[in-house]
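Next, two complexes with chain A in common: one pairs it with chain B, the other with chain C.
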Partner chain A sequence: MSLAYYPGCSLLHSSAEFDRSTRKVLAALGVEYKDVPDWTCCGSTPAHMMDHLLAQSLAARNLRQAAEVGDQLLAPCASCYQRQKNAEIEIHKSDAFRAQVNAVLDKPYTGHVIVYALPEYLMKFVGEEKIASLVKADLSQLKVVPYYGCLLGRPSELTGECDNEQPMMMDMLLEAAGVDVKWWNYKTECCGASGGMPKMEIQRRLSGKVLGQARAAGADAVVVCCPLCHVNLDLKQSQINSYLGTDYEMPILYLPQVLGLALGLSADDVMLGKNMVDPAPLIKKAVAEAARMKAEEEKKAAEKAAKAAAREAEAADAEVAAAAQVAAAAQVAAGAPEDGVAEAKS
Partner chain B sequence: MIRYDAPQAAFYREKLIERVQADTRDCYQCGNCSAGCPAAFTFDYAPNQVMRMLQVGLVDRVLDSKAVQLCVQCLTCTARCPRNIDIAGIFEDLRSVTAAQEREVPEYAKTFNKAFMGSVARFGRLPELYMMGMFYLGTMKPKMAMGDAGLAIPMLTKGKMQFIPRKAKGADEVSRIYKKTMGIARARQKAEAKIMGSAAKAAAAGAVAEGAAGLGAAGRGPGPGNEAAG
Partner chain C sequence: MRIGVFVCHCGTNIAATVDVVSVAKRALGLKDVVHAEDIMYTCAEPGQAAIRKAIEDKKLDRVVVAACSPHMHEMTFRRCVDNGGLNPYLFEMANIREHCSWIHTDIPVATEKAWDLVKMAVAKARRLEPLWSNEVEVNKDVLVIGGGVAGIQAALDLADAGLKVTIVERETTIGGVMAKLDKTFPTIDCSACILTPRMVDCAQHENIDVMAYCEVDRVSGYVGNFTVDVRKKAAMVDWTKCVGCEICVQKCPAKAPDTFNVGLEPTKAIYIPFPQAVPKRAAIQVEHCRWFTQGKCRVCEKVCPADAVDYEQKEETVQKRFGAIVVATGLEVFPWEEYYHEYGSGKIKDVISGLQYERMLSASGPYGGHVHRLSNGEGPKTVVFIQCVGSRDDSVGRPYCSSVCCMYTAKQALLTKDHCGMDTEVYVFYIDIRATGKGYEEFVKRVQTEFGVKYVRGRVSKLYEEEGKVMVRGFDTLLGEQVEIAADLVVLASGIMAANGAKELAQKLSVSYDEFGFFKEGHPKLRPVETNTAGVFLAGACQAPKDIPATVAQASATASKVIGLLANDKLKTSPMIAIVGQKDCVSCWKCIDVCPFGAPERQEVRPGELKSHVIETVCQGCGVCVATCPVNCISLKGFSTDAVLDQIEEALLS
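Now for the complex of A and B:
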């Protein structure tokens, strides 16, 4: 079982930070992988709107290339994941359909490659315990909402999430990393990605709602695991503000950026500088706040310990005094008759 | 007045069962799909209306609609349908039918898809800047391009954009896949149009026969269902 890594087109340029942070996190967690040799675009999202066989064949080409590496494929981009998972399921289920696809490909796909999204892979093959045990930075004061969008959670039969409306994998990973995860109702609402260019009203309105709900939930940042969600919420945040007349300045972080920071990677390692809405001040503030709170707690604990020690010392003194008193009294009690006797004698 | 076009409804229903494993007859018009649809505010027909139109055979009107072009494929309707109909799958199929027919459709989704797939077929991987250029050329709307031009500067300064697209190793195969599959799709569409054409003729002949029998053909007028016969 070896893991093939499919970066996808977005991760090459517009979402370079997603690619870098994912690779760094995998390395920090000791996951070994190889890039899919000569991968090409999975066709997401236009291909499946033009022709079903086109979409499945483009994805199948990558599955065939991945089979050269192993039988697991990790596609961090949610859209690449969804297209390739969809093709994987249909091709593996039906030999007739596989034959149709192979008739279009240059070389046939004969393998059995299983496609994973990043949260799914981490939950299944790394686990919350391991992540929690490797946490080095205290992010307990970083308040975030995990945003799954459409393609990580829906349909749950495909993605392996527990529920269409209430996916949990990102929540659990972030909690394992010690981040303050806020509860909200917009986890799976659409950001309008595929309508972003042809019909910008859809993107502006939907992404604006997501940002508003994140703020209402008390979050300081939104965590995403999809380059399309990131473009819509981060790169286009200024456009949303001017279209809706809002004043959002909400950093949008990739899941592996947050996990990386928790695992002790630096801001440069996870390329925080590439995000449009600068997340660095927020991260610094959260880390400083956590350190301050820790110091305060330590101070309180030390004070408490000092007080307890003082009380104990007092109690010990009192005990000594009491013992001395008792001893003195005993002496007095024992000595008195003697004295009396002595007195009587004299 | 809505006139049922039973042959077209039945024909398209069969095709959807075959291609999407979704039966339009299962829909009982609860409206859950429309309630959850995030893009419906831009549609001319809400998703449940599209379902009803398919049930009664207004396929042409559906294929010409904005709704089919503006669906964002978020899959919320599919996830929430109490009858387990893959509504997003139906929308996807409808849009691929318009692509295979090379139909004139409203909105710019078709322009976007063509710009995207054209760029991918040429370079193997998506050259984002090149694709955006092709899209805005296709729309012929400089105003739309100007709206996004402001994003170019931060993307360039942050090194998030590739200026000159490079051809990936598998590009030629991708190009062949694109040509072959779209060719297959167009051929299939032509064959289906032929079958539909003869079915429509038969239906029209039936209507004439009905009219001759005095069943109120005059009252029909230029109803939407008659588009199919044309």
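Now for the complex of A and C:
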């Protein structure tokens, strides 16, 4: 099996940190991949709203290109993932539909490329155990909620998630990386997505609610896996604040940024500087807090060990004494019958 | 041999698709057929008279009726043939309705198929031999499995009729789900007040033996003669000494989950589920007891004034014999936490199930009937009910209607106004309101108008916490818009499932169950309390979700069926059973392995020589052993291998 990597338009520019951190994390986990050569638009919003065949053909073209370098396709952007997964399923299921698509394409798609989202790929082919074994930085004091948005987990039959309403893969990956994951019931609610374009109030209200719920759940940051969620929650956070009169200062991190930090990558490696709400102070604070707590624990453990050692030494002394006593008693006991025999004989 | 063939029109049921006249005419050309006619309704009196007349006039010795399914009328025609002076097993039926006319539209094709079926039936008829039924003695004791209101009602009816009844209940008390309810719809009478006297009646009735904290382990035998292994679980308390004083419960230092109060508050490791328990006896939940988990404590033993605590008590199994079995195992509430993640997976404190709310409302519940928020103890100002949680929802694998939730929600909505004040805002999200019982619709109307409960038609898509409230986001399909209500308390009308272990019990009893674990009745209209296993009857929600009136009605119906069965001192057994040709038997015992009823046994035919032998009274005639026997030495009476081969030959060769 070989992996093809499809960045898509968002990851080239507006969410370059998503792209960079994903590549770095894959490298850190030893996952080899090749970029899809000469990739084109995934067929997102404009195409699939207007023309089904056009949308599927655009995605099919990318599947065809991916097939040149691999039989698996990783599309980190949730929207790219949905479009290409959708095309994959329909085309692989029906030869007739594949023929229709191929009639539109310049060169036919004959392969069987399977499309994966980032959390799904990591869960299936890397696994929590491996991630946990490679963790270098202690993020146990980083309190986050994973936010899946509308596209990443649905429908769960296709995405491999356990439930439409409570997807778990990001939770599990973050927990494997040692992050403090909070439970909330707002993982899949709408961020306002593209609704914000015609009517910005919709986005302000819906994204504001996501931030409020994250705060109520006890999180200091939200972890996402979708460029559009990120734009709405991060880039527009100050606009949300001014519209709603709130004071959110909630860093919005991409999943691979957090995983990368846990795996020992630097803030520059995962491009923390590109996030609008600066996550650096929060990360620093969390790491320092973890170090402080660890030192404290170590100190306590050392004290406890010292006490235990002292107790053991005492016990050992007592044991030696007891053993000596037993030996003495045994000697006496062994001597006694002989004496008895001797007496009887005499 | 003189065979008569009767082809039924069944009005137009058959005749519209099959040319019955031509089939009857052609039948006359078959070997040994001396009489053939078509009849409008063969099962009706004129039809039966025609058969009897032909037997007499034409000296018939075999009768073939081509009509509906044998499930429908085989017995009818066997009786008819018997009345006509022939052995009833010299009769064969061809199913040209369910297997032919109902499922085809092309007349020539259907007619040809009907002709094939008739030919095959005639071929089999040539091989029929007369058979005679045996009679067996009937044990007149009845086992009732489950001590909820269904089991209680059935047991009381049976005991009043003079039959000895044993109720086996797996909890430490009878009472079932009804004992947990606060009030009952639509009369708002106290559930415990009407149930507990009947529980006491059971305990005091000279004909009823209540075996609480017991399980049915094994069932063998057949109608009139069941043998049942009942396992008495170890309560760690000698119930012959325990007086139910509850001192042990008060002094026990270990907490344990309280299933009776649906997990609202913990009980003690030694417990009595509720004050009116019958029998009122204590039992220890060993997995939560300090003595059993940590090896110290024994407080209950010290404080017990009756010296009843016995930490060494072991399970024991007793064997009992019964003539009939009533299954009344009841229901389980749908575990919504595992399925409705949009409702918070059980992690939002102020979201509770309908049964939990019953315990909250109940004066004998853990809160003395004080309705409050579990998060902060305050009385709720806004309460939202959500219906169809685990009912009518394909996405959680529960397509059926639980039938009681509309009504219990309306009742709980009313009681909310009663407990918390009329100014409490109460909303009910519903799909449809199903209020079909006597006085039900009027009750719902009253809740809506007189009590001002607001009904919102639509489903709730999300529950989440915000500023100390539970936000209820749903869609009002009548307004056509999204609604959001800030609730203090949300009650989910969780649906009904078959009781845990229902499928396993069904297998022990050899009765059918549906994909959801509900036991199948013998016929959905005409045999609603019987099962397809003779002598096993159903009562209550183990058959399908139903409310208390329907449960009680079914329990009484079952009791009357059992009384009818046991009014006979002897029962006739079917002669269509397996018989072993012992001279060919190679003693491989494969028949013993495959028989679902335990009918074949090892019989010593000569000293040291064992051969298979089928116990006549146990065999149900299923034929599994016949198909399994490697040397073909078992045959099924009335279904001989030669007859089946002749049928196949007729179908394939002509």
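Operating definition for what follows: the second predicted complex is superposed on the first by the 305 of 346 C-alpha atoms of A that agree within 3 Å, B and C clash if a C-alpha of one lies under 4 Å from a C-alpha of the other, contacts with A are read in each partner's own complex, and residues count from 1 in each chain.
Throughout what follows, a residue touches a chain if its C-beta (ideal position, glycine included) is under 8 Å from a C-beta of that chain, and two chains touch if they have at least 3 such contacts.
Because the structure is predicted, anything quoted here is derived from the model rather than measured.
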Quick one: classify A:Thr246 as touching chain B (first), chain C (second), both or neither.
neither
So in the superposed three-chain picture, is A:Ala216 touching just chain B, just chain C, both, or none of them (first/second/both/neither)?
second
Tell me which touches more residues of chain A here: chain C or chain B.
B
With the two structures laid over each other on chain A, which partner does A:Glu165 touch: chain B (first), chain C (second), both, or neither?
both
Under the stated touch criterion, which partner chain does A:Arg205 make contact with: chain B (first), chain C (second), both, or neither?
first
Contacts of A:Ser140 with chain B and chain C, given as first, second, both or neither:
neither
Taking the superposition on A as described, I'd like to know which of chain B and chain C A:Trp183 touches: first, second, both or neither.
second
Touching partner for A:Cys9 - first (chain B), second (chain C), both, neither
first
Is A:Asn102 in contact with chain B, with chain C, with both, or with neither (first, second, both, neither)?
neither
Take the contacts of chain A with chain B and those with chain C, and give the residues found in both.
164-165, 189
Mind pulling up the chain B residues that touch chain A in the complex?
19, 38-39, 41-42, 69-70, 72-76, 78-80, 92-93, 95-96, 99-100, 107-109, 111-113, 116-117, 120, 124-126, 128, 132, 135, 144, 147-148, 150-151, 154-155, 158-162, 168-171, 173-174, 176-178, 180-182, 184-185
Of all residues in chain A, those that touch chain C in their complex:
163-166, 183-186, 189, 212-213, 216
Which residues, counting only chain C, touch chain A once they are in their complex?
340-342, 344-345, 347-348, 462-467
Residue positions on chain A within touch of chain B in the complex are 9-10, 12-16, 38-41, 43, 45-54, 57-58, 61, 65, 104-106, 150-151, 154-156, 164-165, 188-190, 192-195, 197-202, 205-206, 235-236, 238-239, 273-274, 276
